[in-house]
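Lettered A, B and C in written order, each chain numbered from 1.
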Amino acid sequence: MNFSRRGWLSVLALFVAALALVAAGCGGDDESSGGGGGTTEATGGGGGGGIEALPSSSCTAVEYKGEGDADVLLASDFPLQGSSRTQTIQIVEAIRYLLEQSNYKAGDHNVAYQSCDDATAQAGKWDSGKCSTNAQAYAGNEKVVGVIGTFNSGCAAIEIPVLNQAPGGGVAMISPANTYVCLTEGGPGCDATEPDKYYPSGSRNYARVVAHDAYQGAAVAEFAKEQGVTSVYILNDKEAYGLGVATNFKNAAAAVGIKVAGFEAWDPKASSYEALFRKIGGTAADAIFLGGLIDENGAQVIKDKVAVLGPNDGKVKLFAPDGFTTQQTIDEAPEATPGMFLSVAGVPIDEFKGKGAEFAEAFKPRLGGKNIDPYAIYGAQAAQVMLDAIAASDGSRGDVIAKMFATKVTDSYLGTFGINENGDPSGAEGAVVGFTIYKATDKLETVKTVSPKPENVEAARG
Amino acid sequence: MADAPLMQSLGRLRKSGLTALFGYALLALVAVWLIVNFAKDPKEFIQVGLIGLTNGLIFGLVALGYTLVYGILQLINFAHGDVFALSGLVASTMIVSWLGLDKDASVIAILGGMLLTLVVIMALFALVNVTIEFVAYRRLRSAPRLAALITAVGMSFIVQNVSLAMYDVNYRSVPSFIPRSEAFNIAGISYSWNKLAVVVITLPVLALLTWFVTSTKQGKAMRAVAQDTEASAMMGINVNRTISVTFAIAGALAGAAAIVYLLQFNMRYDTGFELGLIAFTAAVLGGIGNLSGAVVGALVIGFIQAFNEGLSWHTPGSDWTRSIVFGILIAILVFRPEGLLGERTPEGA
Amino acid sequence: MVDRVRGIELDQNLLKRFALPLAAILLAVFYSSYVDSLQDLPAIGDFVPSVNSMVIMIVFTMMAVGLNIVVGYAGLLDLGYVAFYAAGAYMAAWFASQQFDQWTFHFGSVGISKAVPGLHLSIWLVLLMAGLFTMIVGILIGLPTLRLRGDYLAIVTLGFGEIVPQFVRNGDNVFGFDLTHGTFGISPIDSPGFGSVGDSLGLPLSYQQSFDRAKWFYWTALALLLLTVFCSVRLRDSRLGRAWIAIREDETAAAAMGVPLMRTKTWSYALGAFFGGVAGAFYASFKQGAFPADFYFNISVFLLCMVILGGMGSVWGALVGGMILGYLNVEGLATIGSKFNEAGVHFDPTKYQFGIYGVIIVLMMLFRPTGLITERRHKQEIELGVADTPLYDVTHEGSDTDREAHND
């Protein structure tokens, strides 16, 4: 091998390229973690005392600013990169806020906190490998008594069984955002082995503070009926959440008397969906429902819908569930989104009452001028339930689970509700059962809040 | 197992009868499927076909880049798709941030801006591609062929990550300053302005390329080097320069393709990988190394994709599009490595 | 005098051949007992991988050693090795989970009630089945494609590597039958264990329910890796191994000397696939799930990068390359990133991990194509050139000299 002059030139050029990559990377990172309280900067003040930290490959350093040494560890698990980031960093920030308010104490326990990321930068969304690795890390760290998460139901389906079988009676898990029905309850719409296969130990360890997609499917179907929709074509991204909510919507639509013209998947890796919408155009459907996430090339789907079937306030309406309900959707397709309807669990941010409104007011300064996202309040609620469970417990994993299921929430951020034996919110009043429908303009504008009829929710289940 | 050349070619002959039969049966099935779909709704069929045509032209521009480089170096330049994606992302910045074009801009501003972007991006990425060849491939010209191929895979990852570093994971797009409304409507079959722009940009580029390769001295040198490097060097052709020119043209084509792509679609850092594979398949389908073959192959792929997603009678659907495309790739390589338009050479043996 | 010198030489040879590997194995076996004290070391402690990470590193290293058989020994570039990983993982998912709940069949399953529906075979058996099944997949892919020239073969394997994940993704409805459960993937997958017999011997009944889960998985992974390396070394020195190397160096000459090309190449494919399948099944059991999103092109290139970094054709190279890159992938880059962060620099190397692998690939190919640990024969090939053009490629006959001619 002779190192000619050109050889060295090549080395030089490659190094320049590598440097450029690093330099550009720094720039890019600054940009993405600039606003909204970066998640990676917070390295914590006091350190965790006797706490063994979760691996730094996905988690922040141990955050603990209370007195003495922390004796239990609370982890949160959200996709902190990609399109969901706008929502998830607010959830994480809300958890931090609550911990600071309580001085990192829950009852007699000193609670340290780590925020873990289940997304990869390459995919820009949650990653099954990361979910699995994270879950194993929680299960293997005996100080971890509770996990707040996940954001995506598909990730929850991976983590729940691991945490369920964790030594010491399993790890309690509570989600502010998972809406896939079959995580907690079975039924005709679920596999025969669901939800039991998520709980191999035979007892439950998972709860959520958000109404599942049977409610959302029913709410959107009722709203679509009101809008005069007669025939709907349903697209889904095949993921747990997207397929789940699409199925629930399909069932609910049939129940309220909307014809289902078709039910099909879109491939997130495709570049164009025009041909697909041509086909849909041929079915004469007057509405389209997108079950999935904005991360799944959703912006292109919306653009092509408008290009082929006309604007969303025209002949063919467009409905999308909470996987799309973020400002990001409008930012990525500003010309195609106007007029589309988006739904999300809960009431609009300005209609929260009592403790929820107080929280929103107090929390706002931490966001650096950004609008507060409803998920921040759901995150606060989930964290509150978990902290109360830890406070009431003797600090062992099993007891935290027991206390979590015994939770009775009264006039809290999302109103009043309990957790039933499946882990779903029950006996709810207030924000937790309603669904807000937004219409996209240059931002999300509230149209109305729908509380779906019980018979439609029942129908949506399958 | 007898492996004497004679025996193998005999074996291939015997096999080719069966293969051909199988192939024709498959083609016949596809034909029936197309005819039935056409009969069911001719208007829709043509409309979907037009989508395929437009996408096929874009694939064609990218496929040409693969085929040019392959023709001259016998190298599958994996990085090509990623150069395409990077050029598109840079073009989006140029259009949106530097030129500030949006849909309210005047026609002259749009035309001028587009032309300017096209020229700048094509020149810039011609340079980028030449640099890649100079840095990564030139030293390996005498190395085993797989060494260069592996390097190309490595380059592809590097370029992709430069895009990731510069543009993060989010999708980029340009405002639809070329409207997506109807340009013409003949008997209910419409074609939108932004699609028309694809045709308007692509056809002159193709014509220019054909003229360059067939009629200029440099083009002739390219063909000579592709045919026999050693002999052309003896005839006084500067081989290194010819290869650089080839990479420059390929880079420029990637830039042009990225801009027309951007007129319709979102892009992000990894768009180039998927599209690169599709384009490469198109190049192989048409007969790699064959310029018109690449365009024909790309159009075929474009049609297959659009028909698979857009027709209503017995279609596998968009879920299976990529599997179908790669299935074609494998089938072509295994059964007819010379491609649709290629001559049977010992290349693919 | 002469004898003494020879004695020393002999000793050194012994040392080199047995003592060093033995020491390495011993160090590895007891890793879990001293890892904690290593992690407490100042400065470098943070860079010491945990036992859990070691399991993942070893799994990927196993795949690298398997890929080395195909790429390194036989010189067939495989850009779709991830397909074998997928095949292995899904074998574990089919035969050790509740996926097929219409049947209930238990055979040697540990730690789960016999009433649980689905097929539950002992993981040890499943590992073997996964290897064999993947071998068949390798042969099926290999038979029609292996007569193609090197770069065409690479593309075809890439094509398979792309189709397999999509098939898995769409396989939730194969003519109405749920084969792969779509994007949900199949989880949970049963854990290995020694059952009640092992329990009485002090071995864990089921790894999953053991407090030493990580350790047991680690020791099992280590055993599998040692087995893979042993087989790989024996294969290299066997008649088959010599045939592979002959094909790699000069197909025409090899064929002329009576090496059956197709059969030999297919064997390399099948055996390389075997280890990929076993590793995939084991990893699925460790992760307790198989998900279509895990099997993408980048993994194939990641494995290839391990082989190239280590040195194509060298088992020890694949080991070293695999452990280095595996470490970077699982923990190293993230640790470096957090160090950057502590120093106040916002740079996340995990985001660019594949770019980094790309840089490694290009640099290695340009400046040290024989890898970190050079295999002697491969070095000769690089220096002297090989006839890597296939038997019938007449247009490029004697291409080495052709290409030299216009190199400068």
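Keep in mind that, in the parts below, contacts are C-beta pairs under 8 Å (C-beta built on N, C-alpha and C of every residue); 3 or more make two chains touch, one makes a residue touch a chain.
Treat the numbers as computed from the prediction; the structure is a model and nothing was measured.
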If you tally C-beta pairs in contact for every chain pair, which pair wins? Let me know. B-C
Which chain's C-alpha centroid is most distant from that of chain A? B
Measuring centre to centre with CA averages, how many angstrom lie between chain A and chain C? 34
From the mean C-alpha coordinate of chain B to that of chain C, what's the distance rounded to whole Å? 33
Where chain A touches two or more other chains simultaneously, the residues are 7, 10, 14, 17, 21-22, 25, 121-123, 238
Each of the following residues of chain B touches two or more other chains, namely 136, 139, 158, 161-162, 164-165, 319, 322
Which positions in chain C touch two or more other chains at once? 169-170, 351-352, 354-355, 359, 362, 366
Residues of chain B that touch chain C when the two form their complex: 1, 3-5, 8, 74-76, 136, 139-147, 149-151, 153-158, 160-162, 164-165, 229-230, 233, 239-240, 273, 277, 280, 284, 319-320, 322-323, 326-327, 329-330, 333-334, 337, 345-349
What part of chain A is in contact with chain B in the complex they form? 6-7, 9-10, 13-14, 17, 20-22, 24-25, 27-28, 31-32, 81-83, 121-124, 238, 264-267, 269-276, 278-279, 282-283, 297, 299-300, 303, 306-307, 332-335
In their complex, what parts of chain C are in touch with chain A? 46, 50, 52-53, 56, 98, 101, 112, 117-118, 169-170, 182-185, 187-188, 208-211, 213-214, 287-289, 291, 293-294, 298, 330-331, 334-335, 337-338, 341-342, 345-348, 350-355, 359, 362-363, 366-367, 408
With touch defined as at the start, can you tell me which chain B residues reach chain A in the complex? 41, 44, 47-48, 51-52, 55, 103, 131, 134-136, 138-139, 158, 161-162, 164-171, 173, 175-176, 180, 192, 261, 264-266, 268, 270-271, 274-275, 305-312, 317-319, 321-322
Inside the complex, what are the residues of chain C that reach chain B? 75, 77, 79, 144-145, 147-152, 154-156, 158-160, 162-163, 166-167, 169-170, 255, 260-263, 297, 301, 304-305, 308, 351-352, 354-362, 365-366, 369, 381-382, 385-386, 388-396, 400, 402-407
